[in-house]
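Read the structure below first, then the notes.
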Amino acid sequence: MGKLTIGCFSSLVGSMTLDFAVKLAEAARKKGHDVDMWLSGNGTMLSKKGQRSFKDYSSLEKTITDLVAGGANVTACEACAEARGFHKEDLISGFGRKSMDWYLASCFSADRVLHIGGE
Amino acid sequence: MGKLTIGCFSSLVGSMTLDFAVKLAEAARKKGHDVDMWLSGNGTMLSKKGQRSFKDYSSLEKTITDLVAGGANVTACEACAEARGFHKEDLISGFGRKSMDWYLASCFSADRVLHIGGE
Amino acid sequence: MSIKKMAFIVDKMPYKSETSRLALTHAIASQTVEIHLEDGENVEPVLAFIGAGVLNCLKNQKASEVYGVTTLESHIQNALLTDIKVLICEEDVKKYGLTEDQIIMDAEELGADITSELVPFSTIMSEMESSDHILFF
Amino acid sequence: MSIKKMAFIVDKMPYKSETSRLALTHAIASQTVEIHLEDGENVEPVLAFIGAGVLNCLKNQKASEVYGVTTLESHIQNALLTDIKVLICEEDVKKYGLTEDQIIMDAEELGADITSELVPFSTIMSEMESSDHILFF
Amino acid sequence: MKVGVFLSEHVKSNDTLDRLRAGSFDVVLVQNGVYCAAIKENGQASPVLGKATKVYALSEDLVSRGLEPSQVDEKVSVVNYDGLVDLIFNEFGKTIWL
Amino acid sequence: MKVGVFLSEHVKSNDTLDRLRAGSFDVVLVQNGVYCAAIKENGQASPVLGKATKVYALSEDLVSRGLEPSQVDEKVSVVNYDGLVDLIFNEFGKTIWL
């Protein structure tokens, strides 16, 4: 078993990139791998609690809360979140909020890194 | 003098598209035109109050509050905002929150429409 | 009686962002726009898929089962159900090697009376030219 | 003593989204990563601009005056100031008709000791190959 | 009145731009589209510049990116936000944002 | 071990893909990249398929878009999320998301 760090920098409700990242994390956890997930840039939106569930959007809050409860680390970039008006009290329970060096440290100890950049 | 409706569907803190839309709205107001601005999709983020100002991001809250005080209508898509966890109490004061038909009605009475779609 | 025609043109692919989805939901919002307008005023939407946007029109999308998100397919069927004119560029459908039976042409099982139309780009061009406003998604 | 080398590769243009900006800020975060690591462990970043990403390196960016947002120019200078290796693909600079004097090569006025380097793509390729992880922005 | 076609990305071609009726539109380069106005690729000016009789580029977006208005192709007219508002109301009947 | 190159968009070419050392990487088509696996353009399979010895496509993203695994080019192996995790750990030493 190894450790996979997924960096997700891409937006957001309406983009399927976060869905991809979450599904991959789920599949890796099921196989017994450790998973760290870093949310930066527009990806930090995933960490915002209180997103209302509409059929038009995949609603990831429950899936990712379960993922965290099952042992995955999900951490949002503090500066990126603040710039978007998401404060500490907006964070989904169980999520981390750290500065960018957390991601580098997570990559340091990861066997594999999937850095999802782009827009 | 005419009426310009700007629809801004594109993200967000970190994207320059909202900056473009706000600057264009300012320039149009200075020339005496009426301006309606519709924020939909990821563009609704502009309507979120409490965005912390960092040098790395253009901070539009003050500019756009001034714009609204000066008579521009800025309205965010209600469903798009809710899906992102932005509720009524998160709305910058003076902004509207409406359903999508508001935008079509605004286009109806506009002399010019600049619909900024894309990602 | 004053009708403004608005062209909703989709040239982006589905599922990368919500762009094409918002084209559909905004076009369908023309059904309720009257509450904001005076008597006799209305908006007439026309919805057209061009370029890579025609990939929104592929049948049998399973995004709902896989990702729990409404498919573009069901949005397009809703548009037909609310009698919105849906045009699909036939040159682009052909360019991608697709045939009419792979494309969403009707919403009969939902009870829609109209079907989508495969038309040459020139027809879509004319619709843009005769529209009051063009919204490119 | 355990050092992990990480390649931060920028192939996106500046100012469309914050992608290239986040490459810079994350690379610079390697300065403080030690607080999360054991003694003797560290991260060695290398930052490379390729393809359209070299447009991040144009001098005299005025985005701060116009839009009130930090320029990519000042981020690149900060990277040099913190002794991060900055590589710029010389084939791509040439492809865009740019010359070395149009490109951010140093941050002398800030007191940086190192300069950025115009190198062939093959050098950047080697850096990717010798890195433990590749982060493409 | 013409259609004002806004191009916000640095692309070599765009299917829609290629299919619009010649003479029916002008092109406005904004955001990363302004690179088309000033950056040659392998010595060639952007093919986008040949698509319309009139091509405009937004000065604020040029200088933000380190491009001087003096560097733009002679085919391109540089306008600022003020000028853009006038174009929208006086020259363009409709707009398209590609 | 090879580099796993993830392609998430339906593009005809990508500069980086063209410049990576042949044989050093496999391609994984995800999100809108899966159109490259199943959609021909003017009768031609996507040039992207010729760039690597092994090309994978994510089944969940194929069916979401109305594409059947049976429709994909014979060059492409279809994997699901489970299979993707195994590829990442067992076949790829590093990954690049283009």
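The letters A, B, C, D, E and F name the chains in turn, as written, and every chain counts its residues from 1.
Throughout what follows, contacts are C-beta pairs under 8 Å (C-beta built on N, C-alpha and C of every residue); 3 or more make two chains touch, one makes a residue touch a chain.
Worth saying up front: this structure is predicted, and the values here are computed from it rather than measured.
S.K.: Find out how few touching-chain steps suffice to connect chain E with chain F.
M.R.: Minimum number of steps from chain E to chain F: 2.
S.K.: Hop across touching chains from chain B and tell me the fewest hops that reach chain F.
M.R.: The least step count works out to 2.
S.K.: Based on mean C-alpha positions, I'd like to know which chain lies farthest from chain E.
M.R.: A
S.K.: Identify the chain pair with more contacting C-beta pairs: C-E or C-F.
M.R.: C-F
S.K.: If you average the Cα atoms of chain B and of chain D to get two centres, how far apart are those centres in Å?
M.R.: Taking the average C-alpha coordinate of chain B and of chain D, the gap between them is 33 Å.
S.K.: In angstrom, rounded to a whole number, how far apart do the mean CA points of chain A and chain E lie?
M.R.: Measuring from centre to centre gives 38 Å for this pair.
S.K.: When the C-alpha atoms of chain D and chain F are each averaged to a single point, how far apart are the two points in Å?
M.R.: Centre separation, chain D to chain F: 28 Å.
S.K.: Residues of chain C that touch two or more other chains: which are they?
M.R.: In chain C, the residues touching two or more other chains are 15-18, 25, 67, 132-134, 136.
S.K.: Can you pull out the residues of chain B that are in contact with at least two other chains?
M.R.: Correct list: 11, 13-14, 16, 23, 41-42, 56-57, 79, 113, 115, 117-119.
S.K.: Can you tell me which residues of chain F touch two or more of the remaining chains?
M.R.: Touching at least two other chains: 31, 60, 94-95, 97.
S.K.: All pairs of touching chains?
M.R.: A-B, A-C, A-D, A-F, B-C, B-D, B-E, C-E, C-F, D-E, D-F
S.K.: Touching residues of chain C toward chain F in the complex: what are they?
M.R.: Answer in residue numbers: 13-16, 52, 55, 58-63, 65-67, 71, 73, 95-98, 102.
S.K.: Given the complex with chain A, which residues does chain C contribute to the contact?
M.R.: Of all residues in chain C, those touching chain A are 15-18, 21, 25, 67-70.
S.K.: Provide the residue numbers of chain E that touch chain B in the complex, in ascending order.
M.R.: Touching chain B: residues 6, 8, 30-31, 60-61, 81-82, 84-86, 88-89, 92, 94-95, 97 of chain E.
S.K.: Which of the residues in chain F come into contact with chain D in the complex?
M.R.: Residue list for chain F touching chain D: 3, 15-16, 19-21, 24, 94-98.
S.K.: Where on chain B does chain E make contact in their complex?
M.R.: Against chain E, chain B makes touches at 2, 4, 16-17, 20, 23-24, 26-28, 30-31, 33, 111-118.
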